[in-house]
Amino acid sequence: MLKVLAALIPGIAVYVWFFGAAILVQIALASAAALAGEAAMLKLRGKPVALFLSDGSALVTAWLIALTFPPIAPWWLTVTATLFAIVVAKHLYGGLGQNPFNPAMVAFAVSIVAFPALMSQWPAVGFTDFTAQMAVVFKSQSAQDAVTMATPLDALRTSLHVPEARATVAGVLGSHATFGNIGGKGWEWIALAYLAGGLWLLQQRIITWHVPVAFLAVLALIAGGFSLANPERYAGPVFHVVTGGAMLGAFFIATDPVSGATTPRGKLIFAAGAALLTWIIRSFGAYPDGMAFAVLLMNLCVPLIDMGTQPPVFGHKGGMKGGGRQ
Amino acid sequence: MLTALLVMAGIAVMLGALLGYASIRFKVKGDPLVVKIDAILPQTQCGQCGFPGCKPYAQAIAKGEAEINQCPPGGEEGIRKLADLLGKEFKPLSAEHGVEKPKQVAFIDEAACIGCTLCTQACPVDAIVGAAKQMHTIVAPLCTGCELCVSPCPVDCISMVPVPETVETWKWRYPVVRMKAVEHA
Amino acid sequence: MSEDSAARASLRTAAILTVFTLVFTTLMAATYRATKPAIEASAEAEKMKLVGEVLPDALYDNAPLADWVDLAPCAELGLAAQDDPVRLLRARKAGAPAALVFEAVAPDGYGGRIRLILAVGADDRLLGVRVIGHKETPGLGDYIDPKKDRNKAAPWIRQFDAKGFGEVPAAEWTVKKDGGRFDARAGATISARAVTNATRRALQFAVDQRDKLYALPAQSKLEKEGQ
Amino acid sequence: MTGYLFIVIGAVLVNNVVFGRVLGLCPFMGVSKKLETAVGMGAATTFVLTVASGAGYLIDRYLLVPNGLEYLRTLSFIIVIAGLVQLTEMVIQKTSPLLHQVLGIYLPLITTNCAVLGVPLLNIAFKHNLLESLLFGFGSAVGFSLALVLFGSLRERLEGADVPLPFRGTAIAMITAGLMSIAFMGFAGLDKYH
Amino acid sequence: MNFRDIARNGIWKQNTSLVQLLGLCPLLAVSTSFVNGVSLAVATIFVMALSSGTVASVRSFIPHEIRIPVFILIIAALVTVVDLAMNAWLHELYLVLGIFIPLIVVNCIVLARVEAFAAKNTPLAAAWDGAMMGVGMAVAIAVLGGLRELIGTGTLFSGIEMVIPGTRALQVLPADYPGFLVAILPPGAFLVLGFLIAGRNWLDARAEQRARLAAPARTAA
Amino acid sequence: MLATLFKFEGGVKPDSHKDESSQAPIAAAPVPARLVVPLRQSAGNAPLPLVQPGQKVLKGEPIGAADGSFSAAVHAPTSGTVLALEPRTLPHPSGLSAACVVIAPDGEERWIERAPLDWRSASPEALRDRLRDMGIVGLGGATFPSHIKLKPGAAGRIETLVINGAECEPWITCDDRLMRERAEGIVRGIDILRHIVSAGRVLVGVEDNKPQAVAALRAAIAQSHGIEVVPVPTRYPAGGEKQLIRVLTGIEIPYGRFGSEYGVQCFNVGTAYSVHRAIEIGEPLVSRIVTVSGNVARPGNFETLIGTPIDALLALVAPKADTDRYIMGGPMMGFTLARTDLPVTKAANCILAASPALFPRPGTEMPCIRCGACTRACPAELQPHELYWFARSKNFGKAQEYHIFDCIECGCCAYVCPSNIRLVDYYRFAKTSMRALEREKAAADAARQRFEFRNLRSEREAKEKAERLAAKTAAARQAIAGGEKPAAAAMPAAPEQAQALPQLDEAKKALIAAAITRAQAQKEGVQPKNIDNLAPEKQAEIREIEARRAQVRELAKTPPEEPV
């Protein structure tokens, strides 16, 4: 788990560069809440606290929560969501290794359902002043238009939402001076940094190639197909892959071994399904980024996927493998 | 008001006729539930459940006339399976029907046996061999340990002995995970 | 068992079932009779309460619920052709036109259609607007419903009260974000925009058709123009 | 055409009977302990619910409304459903004893599945026509089956989890259903025109 | 079984909502607020008591094979009566509760109780049993509705004016409480009920443990 | 000559630790003061004892005879006196005991007459019987009677013989030394095995970390044709029968099937060597080579008489002071011995002295995070974490669905598991529990059948009796009509009693009465044996059981069963 944390660091560094240091405070808040929640639950359940705290899984959950939440989310939201993830989504199921749902994504989904406004309140480009950010986080000073803005995904969806507006993808993404022309200013670079961390995880054999490759490939394929057919209405593959939670999701979230499928074919199906759902929810749904819901929905299917994709066992492959030497 | 009555009466007549007819035309023959329940019972045929054998008990359960916790040889495991099958709550073995005991087999003290054949008649599974006036023996692998042969014996030469665990029948114990001392009392 | 006795058994059960059915249907029918006036009164009161939300009692003295015309679905009211007709009520004071009360739909809310009820005074100004059905996000877009609006002192929807195209020209009858004059909550402009635009269209409709609408006989139907 | 598609998508995913409309919960909790039973119950319910939707529409349209007997809706619907369930059971028993063995114990339970009454009532409330009623009924039933099967498979896996004692059994199942319901909220908005 | 046992059975031991898990749909769907939940529960109590009593009185005339249709008929008729009555006199509430009033018919508790108890007991006991089962549900739905309302909006008794005109909801939490919307949505219903069931299990386990600890002491004394 | 090798999935590469014990030549372990020879030393039926306490036996004299074909004989490892035939604790993870022959050696090592067999002219049946009577069982670990594996299977002929010299487990070197020192004997044994099944080719698989063994074997087969020594990559468990067959021939044998069905069969080199001794010299299997290594001063391999106490072997190698336990078998598949005074058996290939430094106890077991490491390591291509999940929650049906019985218990999964889960222990628990359940189920089914059969029979008998009775009454009526008056027909109200009672005639009644008195007299002596010294609770329980029996007696009477 420590390696997973290490692999997140490049992404966090780029995040701070573009959006200011508030994310570090969020990570600290989430980590503290996660460790406290974990310790309390372990104690209640009569498990060795120090042993389990040191496995680092609560920290992974906490960091992922912080990274998927807006950096200027009010402190109580980050803390409550993290506690919910650790207590309800993880420990009520018996703790590490037994939760069917991805705890970090449960936290995200619950929060966006409960506080859609707060969860779509992202710092405007240039709003990187730390004290000002802290004022929003801690004084729960309701953020105004000046400090917040919609993420590229949100802006795109909102504009395309109204048929009369006749907005186009190029129009929305291009007209906003604040967006880069790929995934939104800054977002592309953060995504690339996550990619680097993810590749390192792959090289370290912490994760296998199946999930990231299937996820990114399917997402790019669908997005590509639709944007070819109707470029005004559907954003292109590069945009989808580098924006929002896609890259983080591909390498760090959909790869969660506990709540994901475990067989190789199962992982491919899991990731492909998550990518498809992410794209559908992004393009047609009510929530800006479908990653969290897509992962949770695929979590639901994991027992069935694993059951259906059991690899053949030694000797049961139908016919003799090799069948003898020539 | 009249239409209401007419409409409803129409529906009722149709339905009543249909169901009445169906209840006779499609009378359920064998009850698959009984077979399923019987498959769970240990077939010791001991009658401790209060029924003359496992099948009658199975029938009683299927009809809802007996509780699921009356079979001591089946033990907790059996009750759990029955609860599962019937979607009922698990409940501990009813004390009035007996206690769960380790599996045992009957043993005939051959020196005392007078060959009266009373035990052969009592044994529900023909696990006792021996002709009249000759010494009788238990075929241990067939004996279910039901104890029914014990009381009919006029000379009390039958006793129940527990089946010993052997290397072949031994089970690995459930691995106990030791984690550091449990922290709360 | 023989077919014959099966038939007899069927008859018997059918008879019993019928008896029970009759007894209980009678019970229901009797209750229905007993409650019918009360139910109708309640339904009427409910409707009047809704009307009362947008139309002050003092402005009329007739029974608007009886003085209605049905309108064919039209785009101005946000309705598609397959929708049900809209029942427009007319309030009159001493026989003179006082107000038109009717429903309209904002089709482009965040969560889908937003149903509104509006009252347009004889002076072509809005007397009131209320949201009577919506699927906007609770806690975000639902401030368009004054019951959910946290600002109880001056609910958002009240800004339309007493406004007509005289006060706010049609071109500026939209949310500030789109260059108009009406406020919207930050972070939930879509809902506000939908409602605002729908009121504009509905008001325009009422203004355009005013005379015809008041003139139609009660309980008649206004056919679409050109039909 | 798309309208019909949206009815089905809406009924299966967006306003799933179980997670969105909160109907049919007793069988959802009761027969989901094993995947196998969940599949059986799903299949049986799909049939009955679809037919009940159609039958409900016909009764309402041609028997009740013309005679001003809307107040008999509940009664006539439920009686027809009860009969339908019984009839289904007989038909299955006759045509496929094997299927009957599998579904036998679930069929009677369908009568008390409130989705089977609720969906026809909703059809009336939503003013669906016959085809729409059938699609809505079928979609709801598929949604019910989907929820049931996913839940069943999850519960099977949960059996091995080291759940804290007070939460063992139904409590954790409820919480799982809650989290599933949150996951299904991701489908929000998919049933709208764009 | 005496009347006290029946009551205890209905309210705690065999609580339909927390133990038997029957009648969950109204429980979860209508418990968005305390007032909604309790109102429906009252209607349910009424139907249950009357239907159990009725079934127990007429059961000897009912042939076995049409037993269920007749029970349903009786229940449906009573539900329709309630439905009409609420429509007439509690119209606003009637609109809020929506299809869950007619759905009392299929509320599995009603039929389950009619089958399990009323078909075998005296009318009075049956009616009492039905009522107590309903009270059990009412208690559960009251707690559930109260909790969901409180967590979800920070208020209690909202909508009380529909039942008792002139009263007002209680703002329990500070007015700037952001409101945890999930609690009022279906997921919240499942989650809160999960916690209620767990809470009940915990209380039961604790009571049992106490009883076990106390038992030897009593015999010694 | 160079063979194309196949691959098996999974596997691990632990430190081999072979050098410790592979340097010294095989030494003979001295004859101990007592030998404890378990009767059952192979899979299958336990042999039937042939000796009595006090009896003198010669070395190699059979002390247990094979019981049926799925069994193998057991012999006296040395000459001496049988002291006892009694249950003794076995070196088995259960710590249970079973019948053993205890022999006091006389130190003379006097052999019975050893008769070599001219195998080239003997029939395969004769050779197989000979192997059975010589107690030849697989020395690779499973101690499966070798003669059974030599029967041609469904494939008709065993085309390929695989000889297992892989010795893939760390620390163990007994096969290595055997191959280096007695390659010729091994090859001669192979020749016999090959003759029995008339195999076309023989592949000897040796892990490539044993070059000397390969060289020695190659030298020994210089003359024999069709035997090929194939070095295989060193990767545990390359020596697993199925894995080795896969590597050498490409054939995969699923669980529940035998190699012979695929025309291939596998024998350990030690087995081959003992086949040679048994046939060409006439020596039954009375000793085996045991590696004793680990935390000891003088590790080595010892030719050890079966029945030698492990203590005696340990005395030869001087375990170091910090030794905290002893393992029988290798570190991957072996088990910790509860005591060290247990005998060496035919299965005992290795005794390891373990110290915390050499064999650290696995760390604290943490929850499985489904990381999949175990899946990658599993040579049986199973999903160990799923098996674990289901075995742990005792969901045996599911475990079986996930093929738990295909698990060869190699321990690779537990070796790689980052959460230190003792996975194999869970599998063994699940497998043994499932077998027990299966036995119970089979017993229950059999009991049901017998019960139903019996009910049918008694019904039929009752019917027949009734018919007979009816016929008799009819006859009696006729007789009455004819004027006679038979006694039996006088009581038509209770006809059966009337029939039955006279049959249970005076003589028998007297007999029973006499027996009862006799038994009563006996019971005076017998009963106290049962009830004596019993705790009051126990007595209460007995009373309770008695009471219930009385109840049951009542019940047992209800079915209208008539004493005949």
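List of remarks:
For reference, chains read A, B, C, D, E and F in written order, and residue numbers begin at 1 within each chain.
In this text, a contact is a pair of C-beta atoms (placed from the backbone, for glycine too) under 8 Å apart; a residue touches a chain by one contact, two chains touch by 3 or more.
What you are looking at is a predicted structure, and each value in this text was computed from that prediction instead of being measured.
Graph distance from chain C to chain F, where chains that touch are one step apart, equals 2. Note on connectivity: the fewest steps through touching chains from chain A to chain C is 1.
When every chain is reduced to the mean of its CA atoms, the largest separation from chain C belongs to F.
The greater number of contacting C-beta pairs, out of the two interfaces D-F and A-F, is seen for A-F. With respect to chain D, maximal separation of chain centres occurs for F (centres as means of Cα atoms). Between chain C and chain E, the centres computed from C-alpha atoms are 34 Å apart.
Chain geometry summary: the mean Cα position of chain B and that of chain D are 37 Å apart.
Chain centres here are Cα averages; for chain B and chain C they lie 66 Å apart.
Distance between chain centres (mean CA atoms), chain E to chain F: 61 Å. Looking at chain A, residues 51, 88, 94-95, 98, 110, 113-115, 161, 163, 286 sit in touch with two or more other chains.
In chain F, the residues that reach two or more other chains under the touch definition are 364, 367.
Listed for chain D are residues 30, 71-72, 75, 79, 82-83, 156-157, 160-162, 167, 172, 175, 179, 182, 185, 188-189, each touching two or more other chains.
Chain contact summary for the complex, chain D toward chain B: residues 30-31, 33, 63-64, 67-69, 72, 75-76, 79-80, 82-83, 86-87, 90, 93-94, 101, 104-105.
Across the complex, chain C meets chain D through its residues 24-25, 28, 32, 84, 111-112.
Within the complex, the chain C residues that touch chain A are 108, 110-111, 137, 139-140, 186-188, 190, 193. Within the complex, the chain F residues that touch chain B are 40, 90, 92-94, 96, 98, 364-365, 422, 425-426, 428-429, 431-433, 436, 439-440, 443-448, 450-451, 453-454, 511-512, 515-516, 518-520, 522-523, 526, 530, 545, 548-550, 552-553, 555-556, 558-559, 561, 563-564. Looking at the complex, you find that chain E touches chain D at residues 21-25, 28-29, 68-69, 72-73, 76-77, 79-80, 83-84, 98-99, 102-103, 105-108, 111-112, 182, 185-191, 193-195, 197-199, 201-202, 205.
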